[in-house]
């Protein structure tokens, strides 16, 4: 930790910082420059509250020199993490495409969806039984009944299922119905009690980025899960909020190479929620693969115009199949496969 | 609802929209302009998914003409809502100042804090027993034991207590310990299951704005609580995320007059979390009162430098008292009192 | 134009709007819905100030139904614009890579740079003789002398040059030295007097996006140039400002497919300024090509560590060459070439 | 300057940084911590490019310890700057209100406006003769003829005039017509050639904040003017771009106390452009004064509904007068006057 003092700092103020550091079991290294005095704190800074130093007299700013996350950091674990989901690896050379509808509606819709997903070349299936909706008057999902429908639709195609958990009270149902991948949604990225619960099990977790979360906050949320013992974490970039009104969210493509440096966890992208528009999905999907994503989470609906939510962002089964064919070419060029 | 068609729209596409509207029990009013054809949908648009129309061929964009929220809207309830908390009104002519530490640490810290809060002129006390922390390695709060300490400290001063609920599983404890005001924090503004639970009781709720939530999303979260039957909702602006790095969050002062037009609910401001720095609290507090806020939520700690979290944003008991005296003058000028 | 009236609107207020529309040569179409009255204005709304209607009593909001830009809109010109720069087409099937240093430093630096650029497979060369720098104490560019050095370095390789014009007073020098492509930088995207001047000539213009400009504002700036008669406009996405601190700017990859729908102008991407870090350039370049960009503007310096500005974002000649080879593969997969 | 090295840094990499620092006339202080090695650079870091160090092998990040601005910094000039404009002080105990229309339209409009402004209690008058408009098809201002009308209207009331300069080529006209305060608009905050030109004269300058400018960038733009010799600079906060759609811009009220710490220059606020709506002006004006602003720039039009631009954000003469009376009360409470 580095403590930069104000320009007119007094010896007394410097001593105050040194004393505080000592009480925190840190050594102080004082360096008096021409315009500023700087104090380096030597020791394990992760235990120290930056703010308890910032409040001291004479302190201008406090800068951490080590990352706040540890288990999820590339620095501590150099090799890529590859997560095995019933034999399907996420995070390795092969890129996985997860397809499916926004929400579970009916058994026949799910059956058709599963068939479309499998035919298109997807290896996992997505679908929401519990839906986080901005309005209390919107369809809130089929709940546990939806989990059953999903299971029944996916099993004949051997598709592991990915579905969102919003409330700790339903975790047992998720385990009971053998959900292979639990999704933690955007709005719950910092629902720390939920993160702690999924940290206690070993089911792989897709952790979506909060709508305005920094990469550091997102990795700290992953660290919550990892600290509990569950290291099977897949990060999912899904667009962030910006000033632009021409489309829904701004896909943060730069996050992909930056995360690949910072963490060993797999990174996938949801182009459907990012753009909020089916016509944007092909360009965003290609960009994500080209930038190094380990997978995609794409919305597909047997009949998009009839979808009960997010109708205009779902692809048809045919268009998803066509897109995956194109993506395969890009994957090959960059030395991967789909 | 207004549906704006593409410039080269066909009669078939127009008919498609009309048919879809009919199936949704809405009438269509077609208006052919020089450059665009526009279709007005007449009927109750709250039932209709904007997106199920947006996905139809020939549609350029769909615009709602009524607000998505209803119970919380000023349009439906013209008079200001005044919430009674053990005889203390929030939302009326009198501005209430809620003071207290970021987190409950020890009984003696809380006892001193309660004394400071009462002496300064605050009418309610804040303090966190359950703390949402970005890092899993940071102090997570005293939990239920903290609720007891808080209760014991506040009661001798007749201070109703305001404290954050993060997990539905602790709601019973909150009720058991007679928490007078439940705070829903920034990170849980769209934790819809939590909102539904506090919607089922009648305890007043302080609903903090999400770090990047639009006013419309925030009011929709309030609508979730209200739709359950709990109309005792206090909105709390606490700064939003921006590109600026010179301070922590950007206090959205404009939100105050805009909310006052849009909703009848009381609006308070948290200048401590907004600026993230005790030296900014006086200016932000004065601005909030001048702009029409119904109250403030200010961090105060008996000995700020020793605080276990957010040390550099807490005022001392004396500085809080001095600030409230200044605020009283501003309140009088704008026809209110403290 | 659609005028949505307040819920408690009076007949008098409706009549006021109708009268105002008549005075603006527009016809009014009144539609009384269940909750709202809506007035459609029929006629050429481009002449009308939205705000002169918004200020009228009883008006809730005013919505435009046609785009504010015309010459640059795809709606008015369906085919892609292909700009010919000394025989090099921008905007057609072939993707062009423009390489070169951030700034012109010395003749030998530029000679080496030109050689590297040509060898790598670039077809145009970039370099700044006039530099917009945040600090008045930073190197401000070589000025007119720099243009001469640039010319002398590029000509032996038949590389047309792309260089930034910051001040209308230097336009004659740019023309005198035969600058083939004039760059209007991020900070000048809404320097309307500068836009008007480059609108009067026929030299192709690279118009960079403002650091926080919406796509609509950016297209309006292009319309400024086009309205003057210069239709040779190339849009350059270079990242926008966001809340994220882990890298410099957020590359708006979604802007590419959205612009391709909205406008017929070529769209290129500057991955160097977007990420602000040479190690991010390969991933961002691949993503941009995969998403449909018509070209790239990449920083390359013969010896990056010695660069006088933006040292850490420049590629070496070798790494640029290697990158272009990879990009060629992606271009082929999506049916284009480099 | 502090250089933080990667965790697996080699001795060779450390030596590389030390050598680079030496070549820049800086001394190196090496501190080896448990997890990181940190190198402190001692000497005048303002001459050094952060990026030329960041690009070196083994470097993780580089942090400046001194501010990039100097003349405008409070650190270098402790007392508040008070600017004298024909006897009217800006930056002292008295708060100045600058009123007037968005744009100069006709002589009679300006005559009425000047009368209204003077009657309301304003001490300076604003109005645009050159208008930066997003659309090339919108009214672009009356130009030099407008300056004359403005002069003629303001003189009988002894109102110094504040008006925007967009193009260096018109500076002589501004001087010829005795413009007392030159406004540099939001879109030109980083038009460095324009800043350099107004830095060469002594006419006071109102420097508006860029739509997305950080406080540091804004102060650097002020430093450009100051570096040229013109220290008569007034900073004007006018709202920044955000994700919120419920109003035009987000007024950054926190900027006021932060700027007051960072700089000795006066800070005023433009509540009209911030909110973009006349009904928001009173709340934002009160908040700005309460937070410590030295003045306000408020739009007023004799007949707002007829205004040629920004009709819905102008106050009437009467409402401006009423507002200033209210503001006077707040000024007194905080120990100032209007």
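Just a few scattered comments:
As written, the chains take the letters A, B, C and D, and residue 1 is the first residue of each chain.
By our rule, a residue touches a chain if its C-beta (ideal position, glycine included) is under 8 Å from a C-beta of that chain, and two chains touch if they have at least 3 such contacts.
Since the model is a prediction, treat every value here as computed from it, not as a measurement.
Repeated interface, listed pairs B-C, B-D or C-D, reference A-B: C-D, with more than half of the contact pairs matching by residue number. Ranking every chain by how far its Cα centroid lies from the centroid of subunit B, the top place goes to C.
Compared on C-beta pairs in contact, A-D and C-D come out with C-D as the pair having more.
Put simply, the C-alpha centre of subunit A and that of subunit C have 31 angstrom between them. Centroids of subunit A and subunit D (each the mean of its C-alpha atoms) stand 39 Å apart. Work out the mean CA point of subunit C and of subunit D, and you get 26 Å between them. The residues of subunit C that reach two or more other chains are 212, 241-243, 245, listed in rising order. Interface residues of subunit B, counted against subunit A in their complex, comprise 46-47, 49, 51-52, 54-56, 68, 132-138, 140, 166-169, 187-188, 190-193, 196, 211-212, 217, 220, 223-224, 227, 241, 278, 304-313.
By the touch criterion given at the top, residues 212, 214-216, 239-240, 242-247, 250-258, 261-262, 274-275, 279-280, 282-284, 286-292, 326, 329-330, 332-334 of subunit A touch subunit C in their complex. Against subunit B, in their complex, subunit C makes its touches with residues 2, 4, 7, 29, 31, 33-36, 38, 40, 42-44, 63, 65-66, 75, 212, 241-243, 245.
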